[in-house]
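These notes open a run of structures that come right after.
Heads up, the next two complexes both have chain A, just with different partners, chain B and then chain C.
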Partner chain A sequence: MKVDRRSFLGLGLGAAAGVALSPVGAKLTDDSSIWTQTWFLTPVPEDGEITFEPSVCSLCPGKCGINVRKITNRPVKVDGLEGYPVNDGGICLHGISAIQYLYDPSRVKTPMKRNGDTFESISWETAISEIKQKLGDIRKSGSASKLACVSGDDKGSVAQLFQRFLSAFGSNNFYTMPNLESALALTAQTMHGEDATIAYDLENAGMILSFGAGLIEGWGSPVSCFKANASKKDRGSKLYQIEARLSNTAANADKWIPVKPGTEADLALGICAVILKEKMFNAEYAQYFGGNFNKFAAMVQNKYSVANVSQTTGVPEAEIAKLANLFVKFNKSKSVAICGRGKANDAVSLKEFAAVHALNCLVGNINQKGGAWILPQNEYLQFPDVVTDDAADKGLSAKQISTSATGFFSKIKATSKPDIEALFVVNANPCHNLHDAKYITDVVKQVPFVVSFSSFMDETAKQADLILPSHTCLEMMQDLPSGSGVTRQVVGLSKPVVDPVFDTKNPGDAIIELAKSFEGSIAESFPWDDLEGCLSEVASDIWDTLSEDGHVVVSDKAPGSLPSVDFSFLAENPATAALAGDNNEYPLILIPIDNMRVAPGAQASSAFAVKTVADTVIKGKDGFIEINPATAKNMGIKDGSEVKVTTPSGSVVVRATYFHGIMPGYIGMVQGLGHDMNNMYVADKGVNVNELITPVFETGSGLDAAFGSVAKISKA
Partner chain B sequence: MKQNNKQAHKFGMVIDLDKCTGCGSCMVACMSENNVPVKEDESDKKDSITWMRVYKLNNNKPFPETEICYLPRPCQHCSGKGDHGHSPCVSVCPATATDYDYSTGIVSQIYTRCFGCRYCMGACPYHARYFNWWDPKWPDGMESYLSPNVSPRMRGVVEKCSFCFHRYQLAKEQVYYDGEERIEDEAAYQTACTQACPAGAIVFGDLNNPDHQVTQIVKPNPHPEHDNHDVVGKSRNPKVFRLLERLGTNTKIYYMSERKWVRKLGDNYLDGEWEKADNHHGSSHG
Partner chain C sequence: MNEIEKTEDCCGHGGEGCSDMEKKARDDKGLGMGVIFFIVAFAVCFLSGWLVFPKLLYSSKEQPFNFDHALHVSEMDGCDSCHYLREDGTYNGIPTLESCMECHDVEPLGETEDEAIFCEKYVATETEVPWLVYSRQPDCVFFSHAAHLNGKNPMDCVSCHGHIGESEKCKPYEENRITGYSRDIWGKNIWGIKKNPWDRMKMDDCAECHLEETGHQGACFQCHK
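Moving on to the complex of A and B:
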């Protein structure tokens, strides 16, 4: 057959028209998309009745009310609880992620015992009896004081049962991780001589003068602070933020005043000096000022003149005088000064807290609406006296090794003979969260017997000899007192909203069980069957309301009387703790950055939280330092390039990210990263800034006051 | 059904950027509510599925004049030019996998219809749409927290913010059950991000309902703008703006800020254009 041009074209066009008009092409495309679908691999969540269960979140010191949505018995979503006196419906991203912590890949599923470099599962009975055995031996050898405990805090019955166990056993060595609450209590003790805490009525203050407190970085009770901050525009209230870096709080403030970190106390005392010099202090409240007030007034005017303070802090002289005037002027509608850098759970210094509190005292906002409230400690737990025997009395007569957790670890390493034979770690991760984390890890390794009560195989649990895994937040019953600067003293009751996913226990139940396994005075000190039985007795005043309503408001009003003020501590002009290391060798200063989206506490960030983190904080596995472009360009460091950061404590390779908002000469690194855990979502991402910071101890208080570290960087 | 008739809702949102703290609660509330999976590495933000994403803006000035601001970006639920319901994505979808609902103003996404051509992603001016390059994975046990109200998606389909449409459906069921016909109560239907925001920066409601807070803040102009007939619903509040407003996409997410530089970043202005646009509101606060 002859194919001419005409028939070729005709055939071609015919074929084209045929293909275009026939459904085959479309059908094939459709089919290919249908047959390559993988819906069968996609889970179909089971349907069921929707119910809500209220509870209280225990993930941070905020202790917010939560409302857990469940489908049949599965929790599927965590919302904030409307009407709860701390957070009234608001919730942070970590609280929402509580459902992920339930199934976190790094959870410890059963009690574990160390076997060389690995762990093996054991039963709860074996675990408890092994601890009993070990502790019994220590006690028999007459060294009861060689048991120590590091806890996240000392509030609530669980922490107090651990403290009680130590007392009954015969040890004073109970330590809490650095936290705002203890700094506030120490300040109240120092300035008012009272066993009290300080709370700030932020939602009614006309002006907040914040010395680096990260009101929206997670300071205090985060959601409560978010709300106070959000309402400031409507209330016509002002926020002045004093810190070296443009944090979210600084960006959200009415004014940001950059200051050299570590000189906040100087600035506060400088402002005090102006107020005193201009006689702008509250004459009425001055009647309550103790004997050393005159000495203090003379000292600050002498040592903290505007010129001197401007030199130290880098804040212009005019600005200091203006701040003093504004602070006094706004006090008509109450101005309040707060401090504690970022989340305030890292380095704190008593001098700084006292100096800032002196401002509140001078303007007389103490126990006023919108001011600073000196609240008696919330003592809703009335434990019976601990029963002790001779071994316990002997142990309790020994001196506490240090006043802070960091101090404790630094002292026990220094001695050749072990000061500590056994260590309990509950609701804390010191091997990651304390300064000089690698060193702390080495110290923990040397402790002969370490028991971790962690829910997760975290850095500290990895060093343990035994792990008694705890329930997570949603599986656990416990009382949770609000604290951390909140004026409303609330006790919340967290309830198990789901059956334990793994073979874990409430650490409160575990410690009661352990105590009862001993004979004699230790068991006698723990006459309860479990935590619930204990709570219903020791919190009997509020237990009925607490168990019925889920929370009790203990007080929400300012105390009627005014406390006296003791300026003796400040009048001595205590020294400011300087960073360790040589400024010539290390010309830069590294400061940790608190980022609301990264959890720096006992729990590492959830998968959800890590997902929200910017790609200038984590990129792949790489971490970052923030650097001012001016500083970086001087050193030839490009945006996004790799740099080696060296401090006296160690050296890491990270990437640099330019940020105009950080003071030239400083570099910042986000806190809470660089976890060494079996959890692909958080593990090995970024570096742990705590490994780069050397603790420095404040004379007197013994607190770790290292706000950062001297550092140098070079191109990697 | 025309969306401006009396029976139709027109759900929208106004976000106060001066209140937003960039805390990320909205992002996580959204992920948890809508069964959004998490990959091992989510630092490549181009393929990290975040229906709600919070951007960090800055004024690009050196220390210490630097300022930053966070901008949460859900799907903008565009009503399209002239408010006729022709959203950029809906107009290009060959599978009717995404559609404009005239009775709510919500741009839907039907995962089982989507065959992954991603035209909609190309058309969306706001990068609000995400493609599933992989099948979602949940580690052992984590599937137990998935909500039955939202279907998990397979690889090869596009997903995006739905204004928590399942919450609308639940609210509607409740309203019918109570013997009423229409959701009038603002609180009856709220998105997960609105509910979660601890700063109260997000206000969500019906822009057709004058009693709803969102309408009172935004004060949308129901008439087309004189100089650009494509633009309808422009806010009469000088502090309120929409993203790339002059495109005429008529988004239903409004943003509010006292800060001029923030408002200016809402669109790409040529020299001199911003001053005109700003004055057009009859105000120069900021």
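Moving on to the complex of A and C:
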């Protein structure tokens, strides 16, 4: 028997045929494809029990109810909470990304202390003790008023505990970042003399006359506005958008009326003049018009004639008269006028807010269905009086440095001997979000002792001497009152839906701990063990319902009484703040653009949100300016080409994108970009438009009213 | 001189001195050996593929203790007493220990050895039972029970899971050594041939039913998110 070549061939062929006709080949192919999905690098979420935890989102002023889906205690998805009075199941893209903030690469993981140009980790005990030591020295030197605090807002117990700490310490220098709620409260105070806020019944309004308010760009309480906007067709409601640029809201409106930015107040007063001249104002409500109404009426008809206003605003005369008629006579139900450009958390002008509110007063929609409601401030927190000692009394007798956060930074200046010895920053990022951000950063650098309570190593935290990291939205218990133009006054309770990922604390607990570390009156002003203990006492009227149901509806109806109207402020025809800089040197005007997908607040956008931004806003790391093709072609600038944008505050290189929806002579840049953080998904993308805008302060209110900046561009 | 060299001597140089008949006889003999090798190799590989390969591919594991489905179905009145859709549409799958403890306690309900194991090892220590799930799909597959149980023509459990509800004994769990998933997904038949709809739970089986019921076998993203 010979074994030859053919035998081997036979063996091989036989084996191959045997295997081919057995299931081995097909089965192994299938199995190996599944096997590749089980490699250890493939992320596979754990299976487990699914639970839902209701809470309230604190990422923006909207304060929406959320429902967090968890699998074995791990949050995996955030939904809108059905039935919550503010958003009723709706949610925005930032809300659904709340989980990403938990694991954000730029989170501050432990308390940190500056050591030269770097930071080192320290314990909470050491951090609190160091702050106590520094602040104790400041008080001993009789300079209690030289402690300041910049907060995202002044609503809710956490912000009010910081304000209380300053009062107990002896300082009036508590500032909030610019926001819609503050502007509305100031308007209510100015026009009605009441400690109140203004809310807009948009979901029942017949005609919404919006002076730049980005109803679908994140104005007010975003989801609530989305819903009101989405239902307007069914209700027969109309939206007239007065805005310099064809924003998404303008594109979605029934009519877009382009206007020169910064002249919205003039247009509102021009419409008032037509209403008064034609005697179309609401005679019934007019009996509540006090304080200089006649003077106001005479002033607007004299100074804001249709011809004058048309000249100032660029809106045709006929259009102004038509708007006035439509606003008064819209037949479905009451018309309402709203204002605050974009998200209204940038520069605001009291003149503009008051002028637009005057329209609401003239048409008589105050406290009416579909109108503007003057609601008393939601005073559900009843703190006991602050206990003060001599040092505190002395400090509190000193005048507040400014009336606005931007004004405060502008006044303390970057000198070797600043007016401030210590600064707390909580839920705010002034070094990125205030105008002239680089200047603000320089000022903060000069403050001898800066304590940041940020969750992230953001632009302001980087300048701090100590960082006491806060929980993020999903880790924190806090009360969150609604506001920002929402008619339903709701107090929501944000609950920790997950254990803290890092060694962070609730800033409310941290400030109580710090206060208690002092002896005497400061500790006496904080008799609670923690924020929850504090809330259960100071909100005792609603605490049981709040802690059980997660929210309390304080009121959801228009007040029965009608407030009187004081036109004194407007009757004086306050000056409109003009932009700083020479128009000849800087022939263009740069305006910031609010984009719903980009968060311009204390917390930068999430990685997910950044991924959703169009490539005419960010492309790779490049930022863009929008420019009208007519303007661009005059300057020889091509679509997509690099340009250098220069303003009195600085210059940046970005790319140009043609947009027919922006008026010739104007350029627009999305705000909320250009972050300098350790987060590869968010940082170094685009540029920070706030670095290019010089603040201008409105006479009287002291608010930063810079709606943009004069600018010039050249090929880069 | 060996056989091969002899062959070369005889025929390697143009076949001088070899008759045609001799050549043919030698060729046939070589072919014959090749055929034998072919047949043997074929038989070995073919039979191994059918008989040995499955035994090598799957390991056999026992459940932590036997679970009597038939008893529980009769006591609890149907599958959905323990396997149910939650209000939000998610499916609870295998009940947790907490669910079991709605009826069971540390004290055994019955006298079986399995009940004793359950009570001592899991209930008393509050440890979840590490059940081996016959129908667990790979992680890349999204399957919604709600979509199949709700609607106009809800499916019954048997359509996919067979008559497991009538079983008194848990069959051994056969785990694919390569993928780590249950043999029930591919099916008992190693060639993947099925007699009943519940014999396999592969993608083709889903597609087959979808085609039959909906007129379309479905799109990738319906199951692979």
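In this text, the second predicted complex is superposed on the first by the 670 of 716 C-alpha atoms of A that agree within 3 Å, B and C clash if a C-alpha of one lies under 4 Å from a C-alpha of the other, contacts with A are read in each partner's own complex, and residues count from 1 in each chain.
Here is the rule we go by: a contact is a pair of C-beta atoms (placed from the backbone, for glycine too) under 8 Å apart; a residue touches a chain by one contact, two chains touch by 3 or more.
From a predicted model like this one, the values you see are computed outputs, not experimental measurements.
Novice: Determine, under the contact definition given at the top, whether A:653 touches first (chain B), second (chain C), both, or neither.
Specialist: A:653: touches no partner chain.
Novice: Please indicate which partner A:19 is in contact with in the superposed arrangement: first for chain B, second for chain C, both, or neither.
Specialist: In the superposition, A:19 contacts chain C only.
Novice: Please work out whether A:6 is in contact with chain B alone, chain C alone, both, or neither, and reply first, second, both or neither.
Specialist: The answer is second: A:6 touches chain C but not chain B.
Novice: With both complexes superposed on chain A, which partner does A:575 reach: first (chain B), second (chain C), both or neither?
Specialist: neither
Novice: Among the partners chain B and chain C, which is in contact with a greater number of residues of chain A?
Specialist: B
Novice: Return first, second, both or neither, reflecting whether A:307 touches chain B, chain C, both chains, or no partner chain.
Specialist: Neither chain B nor chain C is touched by A:307.
Novice: Let me test your reading of the model: by the given contact rule, A:49 touches which partner, first (chain B), second (chain C), both or neither?
Specialist: A:49 sits against chain C, while chain B stays out of touch.
Novice: Could you tell me if A:37 is touching chain B, chain C, both of them or neither one (first, second, both, neither)?
Specialist: both
Novice: Which parts of chain A are touched by chain B and by chain C alike?
Specialist: Common interface on chain A, chain B vs chain C: 30, 37-38, 42, 44.
Novice: Show which residues of chain A lie in contact with chain B when the two form their complex.
Specialist: Touching chain B: residues 30, 33, 36-39, 41-48, 69, 71, 74-80, 87, 89-93, 96-97, 99-100, 102-103, 105, 216, 222-223, 226-227, 229-230, 233, 246, 248, 251-252, 256, 258, 501, 596-597, 607-615, 618-620, 628-630, 659-664, 680-681 of chain A.
Novice: Per the contact definition, I'd like the list of chain A residues that touch chain C in the complex.
Specialist: My answer: residues 1-19, 21-24, 26-28, 30-32, 34-35, 37-38, 42, 44, 49-50, 52.
Novice: Using the touch definition up top, name the residues of chain B that touch chain A in the complex.
Specialist: Listed in rising order, the residues are 18-19, 21-25, 27-29, 31-33, 35, 38, 40-45, 48, 50, 54, 56, 58, 60-64, 66-70, 112, 115-116, 135-136, 138-148, 151-156, 192, 195-201.
Novice: Hey, which residues of chain C end up touching chain A in the complex?
Specialist: Touch list, chain C to chain A: 3-4, 29-31, 33-50, 53, 57, 86, 88, 90, 96, 138-140, 176, 178-181, 186, 190-192.
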